[in-house]
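Just passing along the structure, written as structure tokens.
All chains are identified by letter, namely A, B and C, in their written order; residue positions are counted from 1 within each chain.
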Amino acid sequence: MYFVELGVKGLVYGCMYAMMAVGLTLVYGLLRILHIAHAGVFALGAFIAVVVANATGSLALGVALAIVLSAVAGVAIYRFAYQPLLGHPAFVPMIVSIGIFVVMQEGFRMVFGAYGIAFEHNPYYTATVDLAGIRLNYVEIAMVIAATVLLVGFGLFASLTRAGIGSRGTVSDPQMATSFGVDPVRVRYLNFIFGSGLAGIAGALVGLLNNYVEPTMGGLVSYKALAIIVLGGLGSVRGTLIASLILGVVESYGTIYLADIFDRDAIGFLFLIVVLMVRPQGLLGRG
Amino acid sequence: MSGYIASLLSVIGINMILALSLNIITGFCGQVSLGHAAFYGIGAYTAAYLSKLGVPLLLTLPAGAAMAGLIGVVVGLTSLRVRHDFLAVTTMGIGFLFLGFVRKQKWLGAELGISGIPGPGLDPLAYALLIGISAASVVAFSLWIKRSWMGFTFDAVADDEDAARTVGINVPAYKLTAFGIGTALAGLAGGLYVYFARIILPDTFDFVQSIAILTMVVIGGTGSVWGVVASTVALTLLPEVSRAASDYRLLIFGGMLILVMRFSPGGLAGMARAYIAAYRARRRALP
Amino acid sequence: MTVLAHIDDLHKSFGGVAAANGASFAVTAGELLAVIGPNGAGKTTTLRLMAGLLQPDSGRILFDDRDVTSLPAHARVRLGLGFTHQIVRPFYSFSTIENVMIAAGHRQTTSPWRALMPRSRQAARERAAAILERIGLAGQAEQSPRALPLGQRKRLEVARAIALDPRLLLLDEPLAGLSSAEAATMADLIRTLPQAGITVVLVEHNLGEVLRVADRIVVLDGGKVLADGAPAEVMARADVRQAYTGTS
């Protein structure tokens, strides 16, 4: 039973990683940029949620604003940092992204203190539910539901609507897409809005799960999300989703079996490196 | 007072070796490495561990460098298999692997690191001089490489690997060489740091440190030896000169990364070159 | 009439499609051999297999009686087997002359250790300048390849390959994208190479120029050799003309 529970917990983490990683893979697919600043957007979502929730007493409002402001931040990063640098080799915007991430993280530290803030009214923190013998926190369930709904919705959007198909066209063949009337800039904005909004929700949910938000929380999840998008094959959303779940599960079991050698976070990267050595294009990449 | 000066010079010297070592990998040979602090750490831990066993400095320093270089070559082997963008994440992963490993190993002090390291057997000023000589040697070596056929070949590999193959360049051998030299030098810096600080902690060699080293390289002008020397001195002195700068050190680093890459990706060296070119153009225009 | 290189029953498939399907032919020292065939015949694949940019699924490649099938591309270059790309790939961050210099200095770059030894770039610069002179790019020496029109970039590609002192040079569609005047000039340039000791194998679509300069023609179709011989007699064959007009 413990074995199964580990697996389920792993999947829950996988859902969280997926929400982070999808934003990253969308940006990479469109712009070939490693959007490391995404970590800052994640943390921003968490901070907005906790600040608003504590100030107004409404968690719902906190989460809602977290989504909106994260989306705005993501678009702003695109507009002011990436768009002007598209002609340069990918190294350049990546470094700017790292700079933005560092500035955001330090900014949070200066404004909110190194130890972060806790949620004042969070009934979900301790409330658990017993599903077939496995104890799950309400927030964990919310995470799985949110991830599933949003990602499935995105999948449907991408394959069924005109806008969605147009966006995919922009990724595979920008010039062709433009001649069909698809506006690549609008597509990029949409992708940043969606990806960053997702990161915002993920941040808010992680904050709720731990019941507090601290400045460095973006870092680790983001590094893992980067590992995931590489693992899934850069630019492949399907690959990213699968890799997210796999990573969550691998970490869950790995932590138990490799506890004496590596800590939890290193396990994910160890897995990444091993996979890349065997399949340099990632699990589902096309080389 | 002389103690303070010795301390400052030591830190500048160590940072300079670190930055120049990354410059060889990323600047000369074009291989992105976001985990360079791991090699700094490997050198440091090797030297520290041996020094506590009674091994003299003259042996621990080369041992640290050799260990870092060896593992660096192994990591370099991963660079042969994966594409550019993957390399950034893979090297980031190496950094986390190192940290995750070291934090768990009791014989390396786990979270508490290694303390009670013996002194270098020299008074602080003399040791600072030793570090200074090492740093100067690394500067000279970097310039030598740059002007040699190795530098020319590195430029070709950094420009276009496939084209480099068609001019007979053994691309894998050169990449491994760049990694080996760069990481060995970082290991040397680690060894030097050990006798300076007398205590080492895992967190000294984390992702933030990798970014700090990268910042020195990028702001100096990736690939430029004198640019990197200048930026290292400036960025190390900055927190000393300004108390405010010291508290906001990371914020300033991040901000500089953003500004430099956004407006002058060639760094200080790029700005210097542009200024000289403009000056020459003006002089030619005069009657 | 020595055989300089030989490919033997080469097979290479990409995702189920056989690009090379048992191709075999020999290259005689001092000749200018053209490899032609309809689209999709496997010409470029065969050339890239010879150069070492691709590994065959089966078959052998011999250069100078030596089996080079498992040698990587750079090692083949060191043995004297040069290659130019269909889509030119100069080093854009180098000047035109530097592009040729890095090739001209190939003896200095055999190994990283060698490359670290003190050796000025002057000799390589002089050799590169001489080659640029011969090729007609002397005036562009200090320019960036970005500033050069396609015709000149293609000549740079050839100049760089020549600087490697190859004995066999593989040219992948050197005339593609050139105007008829430029193509004629380039073909004339290529024609001078065998006299300078460089055997040439060239893959081309431009039949007019090919028939003018080639000593021998190999026709590929469906990854296999269809015909192999002197230009006039090959082009007179019915099956060759049929392959080109698409009825197979």
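By our rule, a contact is a pair of C-beta atoms (placed from the backbone, for glycine too) under 8 Å apart; a residue touches a chain by one contact, two chains touch by 3 or more.
A quick note: this is a predicted structure, and the numbers were derived from the prediction, not measured.
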| item | value |
| --- | --- |
| Top chain pair, ranked by how many C-beta pairs fall in contact | A-B |
| Most distant chain from chain B, judged by the mean position of its C-alpha atoms | C |
| Most central chain, Cα average position | B |
| Averaged-CA centre spacing for the pair chain B and chain A, given as whole angstrom | 30 |
| Euclidean distance of C-alpha centroids - chain B vs chain C, Å | 42 |
| Length of the line joining the C-alpha centres of chain A and chain C, rounded to whole Å | 48 |
| Shared-contact residues (touching 2 or more other chains) in chain C | none |
| Residue numbers of chain A (touch at least two other chains) | none |
| Residue numbers on chain A that touch chain B, as the complex places them | 28, 32, 34, 81, 84-85, 88, 90-96, 98-103, 105-107, 110, 219, 223, 226-227, 229-230, 234, 259-267, 269-270, 272-273, 276-277, 280, 282 |
| Chain B - residues contacting chain C, complex | 144-145, 148-150, 152-153, 155-156, 158-160, 162-171, 173-174, 177 |
| List of chain C residues in touch with chain B within their complex | 51, 53, 72-75, 77-78, 82-85, 89-94, 101-103, 105-106, 108-112, 114-119, 121, 160-161, 164 |
| Residue ranges of chain B touching chain A (in the complex, touch as defined) | 32, 78, 81-86, 88-90, 92-94, 96-97, 99-101, 103-104, 207-208, 211, 214, 218, 222, 248, 250-251, 253-258, 261-262, 265 |
